[in-house]
Structures are given as C-alpha cells and as structure tokens.
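One chain, subunit A, links the two complexes that follow: it is found with subunit B in the first and with subunit C in the second.
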Partner chain A sequence: MAKNSSARPLMSRIKDNLPIVVISIFSLILFVAIYIEGGNAQIFNTIITGGMWALLAVGLALVFGVMNIPHFAHGESFMIGAYVAYFTFTPMQEYLYTNPNKFLSAIAPLGAILTAGVAGAILGIIIEQLIFAPLRRRTKKDWIMNAFLLTVGISFVLSNGANLVLGPNFRGISRYWDVKAVEIGGAYMSVDRLIAFAISMVTIGALWFFLRRTRVGRAIRAVSQDETGAQLVGINLNFIQTLTFSLATAMASISGASLLFLFQAYPTVGGTPLYYAWYVVMMAGLGNVVGAIIGGFIVALLQTATQLFVAVSWTTVLPTVVMILVLLIAPSGIFGSEVKGVQEQ
Partner chain B sequence: MLELKNINAGYDFLQVLWDVSFRVDEGELVALIGPNGAGKSTTLRTIAGLIKLKSGEILFNEKVINDKPTHLISQMGISYVSEKLNLFTGMSVRENLILGAYAIRDKEVQLETLAYIFELFPRLEERKDQLAGTMSGGERKMLAIARGMMSKPQLMLVDEPSLGLQPNLTQDVFSALIQLRERGVTVLLVEQNVNATLSFSDRAYVLEQGKIVMEGPSKEIKANKHVRNAYLGI
Partner chain C sequence: MNSGKVAQEQSNSWNKFVEFINKLGFNPLGLALLIIIAVLPTTTPYFQQEYIVRWMIMGAFLAAQSIAFDFTSGYINIVNFGFAALLGVGAYASGIFANTTPFIAVAPGLNPWITIWLGAIVAGLVGFALGILTLRLRGIFAAVMAWFLGIALMGLVNNWTALTRGPLGMNPRKFLETTNNLPYFYIIFTMMIGIYITLKLVTRSHYGLAFKAIGQNLDAARASGINPIRYLVFNFTLSAFFAGFLGGFYAHYFGSLTPSTLMHTSKTVEILAIAYIGGRGSLWGGIAVAFPFVFLIELLRTNFSDLPGLHLVIYGVLMIVIMIYYPGGLAGFYDWIKSKVQRK
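Presenting the complex of A and B:
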C-alpha cells in the first residue's frame, strides 16, 4: 500500500513533465556519448558553445517575454558588437605592439568588449525609441506580426548599412590574449574561449540577479506577466520596454565582441548566431528566460554530437529535426512559456 | 477629491459612457451600481487612464488627470483593483505586494505597509510564498485588494470584489473595504451585490446604458421604487 502511494505521485509527476524528463535523459545520453568519443576537449567545447547560445537566447526570450517582439534583428546586434570590438581593439593592439605593457595588454580586450556592450545598449535605446515606441503608441493591433516585420526590416537595414559603410570585408583577430592555452583535465583551452565563457556566465548571472532581486528587475518581470497590472501599480511601461530592449541588444553585442576571435566581423555575421538563438528559445519556450539558459546548453550538446557522430555538414539539420519533434510533443516548448500577454492582444 | 465632468468614452467606435458626471468626496465610500454592460467597469478604467476620453474632464484633488498615463495616475494616489485583478500570476504573494508599493522607494515604509496588510489579511501572510496564480478565487481577490493598498492610495477604485465569491468571503471583502474607509481611504465601489453595498456605502450613483440616472445618499437610493424593482427584486 505504502509503496503504491509513494510511487504514484512520482509517476504522475514524470507524466506532467514528460518533455523535460525526455530531454533530460536525451541530453544525459548525448553528454556521455560525447565524453566517450571526444573526451574532455569536446565536453568543454560544448559547454563553452552552450554559454554563447544561452547569452544570445536570453536576450531573445526577454524581448519576446516583455515586449512580445519576435526579434529577428538580434543577429545584427551581435554584428555591431563584433565591429565595435574590432575597431576599438585593433588600434589598442597596435599601440601596445610598439609600447609593450603587460597590464594594458591584459585589460585592453575587456575594454573593447565593454565598449561593444555600451554601444549595444545605446543602439537598443535608439531602435526602441525610434521604431517600437511610436508603433506602440499608434496601435496594439496585430502587434506581433508588425513587430516581426519591423525587426526583419531593421536587420536588413543594419546589415546592408554595414556593407555600404564598411564593405563586405572580413575583419577579425586571431586572439585577444596573446598567452598559451590552458590545460584542463588533459584538454587544451585557449584563454580567449575561457574568458568568453566566463563573460557569458557573468552577464547571465548579473541579469538573473537584476531580474530577481532589484526593484526595476522585478518591474520587468511584472510587465512580462501582466502589462495592465504593471501600469496599475505605477510602473512606467515605456521605460521598462526601452530598458529591456537595450539590455537584450547589449547582451548580443557583448556576445559578438567576446567571440570576435571565432566569428570575424562582416555584415551578415549575425545570421548563424541568430539561427541558433531562435532555435534555443523555440525549443525551450518563448519568453522563458530560465529555459533559454538551459536550452542554450542542450542545443550545444546537439551540435557537438552531430559533428562527432554524423557529419559537420549536418550541424544545422539535426537540431532542426529535434526542435520540430519537441514542438510536436510540447507546443509551448520544453519549459513552457510564462508569457501571458500574447494571446490577449 | 475626484470629479468627473461630462465624460464621453468607449472602445474604438463603440461609445459606452454618455455625458457621465459625478463626484467622490474625501473619506466617502461611494457605490456605483447598475445592470451588466451599463459601463461601470468602463468608468473605472477611464479614471485609471486605461481608456482615453472622447470628451470631458477628470479632476483629482483639483488637478486634471485625464491626459496622464496610467502609471502616473497610480503614482498620484489612485489605486484601481480591476475585475480581472491583473495579478502577477507567476510571482509569489509577497512579490505581488512589494510590487504594489512600486512607487514607494523607502524600504522601511514598504515593509511597514506590508506588516499592516498582513495584519489585515492574515491569510495572505500564511500564503506569502505561494504563487499568486495557484491561489483560490477568494484569495486572489484579497491579494488584488491588498496589492492596491500597498501604494497607500488616497482613492481606491474597486470593481466587483464580491463577484464569484462565497457569502462568507464576500463578507470578509466588504469588511476590508469598510476598514479602508475607517483608515481615511476614499473608495469608489462597483458592485453587483446592490443590497449589501447600499447598506454600508455613504452615497450611490446608478448607471444605466452609460448614463447616470440617479444619485443620492445610499439610504434614499435603497428606498427608491425603481431601484427596489430593478436591483433588489422587491
């Protein structure tokens, strides 16, 4: 009898969370398989890639959750970040080449990445105030569709603008920090990769703290759960939405900047990151920030596994298939969506 | 304290309120009654700034407020507890309450108000870590009213707090409103439960098809023949 009653809730809990359970088991299997086949090196690779996708996807989830905008210009924020970092870092690098200074060499890359973040934040404010705020004042009708079309337009303008001003050339760096790779558990990781990962984790952690523990962060969550309720308690919707868009743009820029050694800056560099970030939020649940973080790592697992066990050329195919399967069993994503405003509008 | 002057308002092409005028004085508990679809909720939404006027003027403490956005109206001291409640369902009871005091930056004042609210609604304190979305209908109503009080408003607009509640919970909600008045908060109450409302409110307005058709002390309204026929079923 007792055995039965304790087993029952467990079974029904598994049933309630079926998509999460299935994906967890699936991820665990992939993890073990990657470890056996590729060892620590591939595991680290996966975790580092996961951190990148998570940082990008969190911004998408935030913009969708708070503003109900399916943001298809997120890749261009990545692109702008990469350019800003390139044009800030290379002069510093040249200067340091003729005037060597250990300390400056260590912090110059961080300065470039930070500059990219600030540039992204400002760009976000400009785009929000210039495009979405006026639309919001005019009409809320067909908001999601209109907003989507606008982001496609923004993406087009920004990437073509970059092409016009800077040309189609690739601008990259081989590395930020000119130091030897670090050995961890028999695998060698470049310092650039490790720091890029650290930056994505610190940024996500800071965002998490901001959303959970501060007055304004709580207001952002309030807007995502009930816009009218938020206004009724005195929250300035316009301010929160501009802030949210600015934060998301800054995060994408930081991502583009810290990965400059991997993705060179060129006008359409944002395509691949955008693809993966969207893939993460669709699988995890639109507007779900926590889901986006976990989803980033799951997608990275899928990517590495495909490269190891299938073929590099299938890297985008297999994740897409898995995403479609996930959406078939759980239409609102593995972790569900806490966005309420969408259906109501 | 609150004065509506010849309000015309509605949704897109549907005009709901026709030349509505009324006033609520400081310390009063005023009832707005009327049949379903008369425009009672629309009136409250208009005061809260969620609907823009076609014409007319709304004054709060002698200042025009109908050109202000909702969040500023809230910060000026008007708290609107809507019929939909508009709670933050994915947050705890405590977080909902803290957000109610969003405009009060002083942490100490916030916590004092929270302590007072918990005293008034012990049930909310018991449930302070529960997600608002998982609470029962009655508890949610309590939470919405409590959240509305967290900003220390001068005026509360409360829309059908007893709708869908069991009689004993309705009694709790009404006594909370009466306590509010005792603490000097002015209340404009929209209610279906006409009999009870007219027995504890000071004055009442009757809204029918978007027009004010009757006004006066609640006692007189309650004794009125038309009201007795249409709303009290006597």
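Presenting the complex of A and C:
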C-alpha cells in the first residue's frame, strides 16, 4: 500500500486515509485554538498530559498486541504504583527532614518510582501466572472476551482489596522535588511535571529500543505477529507472554508513581487513567503501539480543549462523543489495528 | 384398577402442569423455590423483620438485573458495560416525570406507577441508540463502546444539574405512602418474575435461536439468512427497557438518586459477576445466585463491619475462579447433574 501510494494522485491518497486526515486537521485546529486561548502554558500542559496517557496506552496496546488481552486492570496497576511510591517515598522524606542531604533528596523520588516499577513487574508476573496461564491451558475459545472479563474481575478485586487493607483515605504528597517552578516560554512548569514527562518519554524510548534492537524484543514482536510461527522457531511462548504482561504492568506502575503528586493514592485512583488509556487505544487502534503514542497526545488535546472551552466536569462527556464518532467512521481505530483475531472475535 | 386409573389421571394432569410451567420457563423445582421465596416474608418470623425484607428486596432487584443483563451477554455475546448507566437513565427519567416539587421546569408530577413505564421507554430508546452504535463493532469493541457510552451518560447526569441536581442527588417520591417494606418486596418480585417470563419466551422463540447464532458466529449467522441488525438492536432495546424499568423501581423505592451510586461501572461489574456465577445464557442462574449472595454479603457486612468492601473482593475472586475453572457457572453445574441423573 505505502509503496505504490506515491504514484497515485493526492486526492485518492487522502480518501484512503480519511480518518487520519480528518483527525489531523481536527487536532491542528484544536492546537491552534488552545494556543490562542491559553497560550504556552496550556500547550505545555497538553504535551505533558499527552505523555502520560501515551505511556499508559503503550502498555495497554502491547498487552493486546502480544497476548490479545484487553487489559481492564491497567488502572489498578497505576494504583499499585502510586501506593508503592507513597510508602517508599514518605519514610525517605522523613529521614531527609532530619538529616538533609542534597544529593539524596534529588535521588530519592527516582528510587521510589523505580521501586514502584519493580513492584508493578512482580504484580504482572503474579497475575499472569495465577490467572492467564491457567486459562490459556484450559481453553483458547472466546479468548478475548474471557480475558477481558477476567481483567475486569482483577480490577474489581485489586481496587476493593486496596480499600479493604488500606482504607479509602487519600495518600498523597505535594511534590517530589522541593525546587522552584521553571519558566519556559513565559509559562511556569513545576519540576515534578517536567520530570514525569521525561520519565514517560524515556520509558517509551527504552521500550522502543528493547522491542526493536534486542533479541527478546524481537521475539515479543514475533509472537504478536504469529504465535504458532514464533513457537516453531523456538521462542518460549510462556516466557514471552509473562514478560510482556509484567512490562505493561510495570509501565502503568511507573506512571502511577511518577504522577503521585497529581493523582494521590487511593483505591479507585485507577479509574481516570484507565478510561483515558482505553480511549487512546480504541481511537488509535487496538494493539497499535505507535498509534498509541500519537493517540495519547490527540486525547490530551481534546481534554485540554474541553477544559478550556467548556468546563472541567464535561471532560468525560464531550471527548466520548468524539470517540463514538471516530468508532463509527473507523471501527478499528484511526491508525488501524493489524492484530490477528480481533475482527473475527 | 380404579386407583391405578386415578393415579394415571393424576400423573397426566401433573404432566400437563409441568408442560404448562415449562412453557413459561420454569421447572417444578425452580417454581417451588420461587414460591418458598415469595411466602417467606409473610410466614416465617425471622424473615418478617424489616431489615431481612430489605435484603430480600435487594436480592430480587439484583436477580432481575442479572436476568436483563444475561439476555444480552449470555445470548448475543456482547457484554453491555453500560448496563448500570441505562438503569440510571430509567431511574432518573422516572424520577423526573414523577416529581411534584418543581425545582425544574419539567415536572408533570405523574403517578410513579405510570412514570416507571416512561422511564423504561426512555432507557429503551437509549438502548436502541446503543444498539445502532454498536452494530459495526464486535466483541470487545462493542463492550468498550457501551462502557464509554455509560461513562458519557453518567457525566451527562452529573452535569445536567437543572434536571437532575447532579452529584447532590434527587429525591423522587415513593410508590406508596407506607414505610412498610413488604409491599415493595412483592412489587419487585412480580417485576422479576415478569421480566424472567418475558425474556424466556423471547429466547424460546426463533429470536433466541437467532441471538445464539449471532453470538457464536456473526458471519455464519448472516450467511444463513439472519439479519443481524434487527436482532441486535431488538436485543439491546429490550434489555435496556427492562434495565430502565428496574431503575424506576429503584427510584421510587429508595427515594434517592445520585449518579455515582447508581450508574458507576462497578455497579455493572456486580451484576456481571452475579450473572456469570449463575451461568451464562441461562437467565435463571442469576436468580439462584442473587438471593443467597445478598444474605451472605449482608451477614459479612454486619459481622465484619471493620472490613469495608470484603463482599466485593469475594465477588471478584469467585467470578475469576468460575471464569477460569468452571465457565458454565451454576447453570452449567445443574445441567451436568441433570444429565448424570437422566443417564442413570
């Protein structure tokens, strides 16, 4: 398709990619409108929000692409990350109050976020081994739907379990780094936000490198293209699937941890991130990792525009209407999804 | 001789009776259990206590919801993730039509017995729209679309404060003046039986076959001459209609509505758990599970009041275990026992 499209006239190329063209124009208009109304501050806000949705959505897309699991408990991984970061960071903070140390107070938040990532990876391994491995052994029939409902159950258990063990209290911190806000282009951005954005970009970059350049990463991509073929060339399917799932969970935990100052930790904190991650993935195309990154920024644009031009409380209503329209025009997302088995289910 | 004839006649009339109730979707055991449930709150002292009657009402309410939910998920294999939102739409519509204290412009103050039907019709219309929207989508896409629509509806109710008072909640008037719970139990019990019989009759007809065919393989169903549009939309509309109908009951029984307690996704998950533990595609499984569950949950809640949400964790774990190891649920187990008995 891509090769011979350069030979064809522009109009027919536009017609072929109508959803992408419409969304691009729409995003551009929103971008300009946000810039005019809110200036640089809102643009930075949008980009930073987009970065975090992208990080969440990439995990979701990866799990769907490789394992065909529509992960509904992704928000709960976010929640676990937030809790772990809270419980590792607050003791460190208290220690640093009594004996101040500049280097340690710069490093401590990163340590907390990293711990959250490790905890997320472990959680992913546990869930995969405890729930999806037995299901895979029993039956592959109706896999997508069964897996989806299982993750619904997991999310229910995790969020209510957190409520049971830790109570409904909000546990949050005001900031990770006790530094003044930085001025960029006339807009003040807190250091926490900038670093959260950097973390999400670095994580996505690392994942990109891992998938493209390493042996195991190639094996993951091979499994996402053809499970049987991958098995034939000697790839250990169980290992790859467990690894993928724990990677995705770890990424959600990292974003939960790095956004602790914004969201706080409480049992149902995962709801909003889950909604936006799903939103991105549905719009970009299920299982499309690159699409998820771009989609994250488009969704952030929509969100900022709604907040700016309508009201904060409408952010769940108006973007959803846009989403429904997108799904009506392009049922498998604007960038399409080349995942096997999606359309048959 | 004579006594044999009488016995034969008796067994004949018994067979006729079984045949008749079979047509309505019952078997003798199930009917007997339902009758026991129906008479319990009037006969046994334990069940006459007000709070126990409230539990029974909750049980019947959840059971009726799971029947309407299973009608979609168990037959056409699309999980309606916006079910609770549809129920909320029915509840709010009914409450608004019935309102006599006009904090809003639209308050005709109709009788709740009429508005419950209006609420059901409004929810049915939303269900119709949802059916149209999900036509081109399959499986997981349709479920997520329904989820998004549910979130959008909840956001709408939260924001349309002129009509719904948003998060403050509205207080629709009750069906009856009495504070006694018993009449409400019989209202919801009748609704539950009515919904069950209606949906059972629909699924027994050629509609049920078409639903199952669509649920198993849409393309094959289309190839054998089934028009999926008609059946899908019909299914969504009917399921949403009954969801709204039950929402109307909720509105005029509890007399207080807030979007987050009524329309949140976690409410759908509760119904999903009950319907799946009861058994997909059985309709009755939800009834069999809901009543014992409500008692179990309420007993847990009163005995372990320091552990909030324990019952929800148990719900979730049970659902996961059943989905992995016993996907047939209770109804599958019953069929298995039945086939064992018949073979002997």
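Just so we're on the same page, the second predicted complex is superposed on the first by the 332 of 345 C-alpha atoms of A that agree within 3 Å, B and C clash if a C-alpha of one lies under 4 Å from a C-alpha of the other, contacts with A are read in each partner's own complex, and residues count from 1 in each chain.
Keep this in mind: a residue touches a chain if its C-beta (ideal position, glycine included) is under 8 Å from a C-beta of that chain, and two chains touch if they have at least 3 such contacts.
A quick note: this is a predicted structure, and the numbers were derived from the prediction, not measured.
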Exercise. Touching A:P273 in the superposition: subunit B (first), subunit C (second), both, neither?
Worked result: neither
Problem set entry | Which superposed partner A:I144 touches (first subunit B, second subunit C, both, neither) | second
Exercise. Of the two partner chains, subunit B (first) and subunit C (second), which one does A:T316 touch, if any: first, second, both, or neither?
Worked result: second
For this session: May I ask you to decide whether A:G291 touches subunit B, subunit C, both, or neither, giving the answer as first, second, both or neither?
Result: neither
Exercise. So, A:G65: does it touch subunit B (first), subunit C (second), both, or neither?
Worked result: neither
Exercise. Which of the two, subunit B or subunit C, is in touch with more residues of subunit A?
Worked result: C
Exercise. In the superposed arrangement, which partner chain does A:G234 touch: subunit B (first), subunit C (second), both, or neither?
Worked result: first
Exercise. Which bits of subunit C are touching subunit A when the two form their complex?
Worked result: 77, 79, 133, 136-141, 143-145, 147-149, 151-152, 154-156, 158-159, 265-266, 269, 272-273, 276, 307-310, 312-313, 315-317, 319-320, 323-325, 327
Seminar exercise, completed: Residue set of subunit B touching subunit A in the complex reads 48, 50, 69-72, 74-75, 79-80, 82, 84-91, 95, 98-100, 102-103, 105, 147-148, 150-151
Seminar exercise, completed: Listed in rising order, the residues of subunit A that touch subunit C in the complex are 70, 131, 134-135, 138-139, 142, 144-146, 148-150, 152-154, 156-157, 160-161, 163-164, 167-168, 271, 275, 278-279, 282, 286, 311, 313-317, 320-321, 323-324, 327-328, 331-332, 342-343, 345
Seminar exercise, completed: The residues of subunit A that touch subunit B in their complex are 215, 218-219, 221-222, 225-226, 228-237, 338, 340
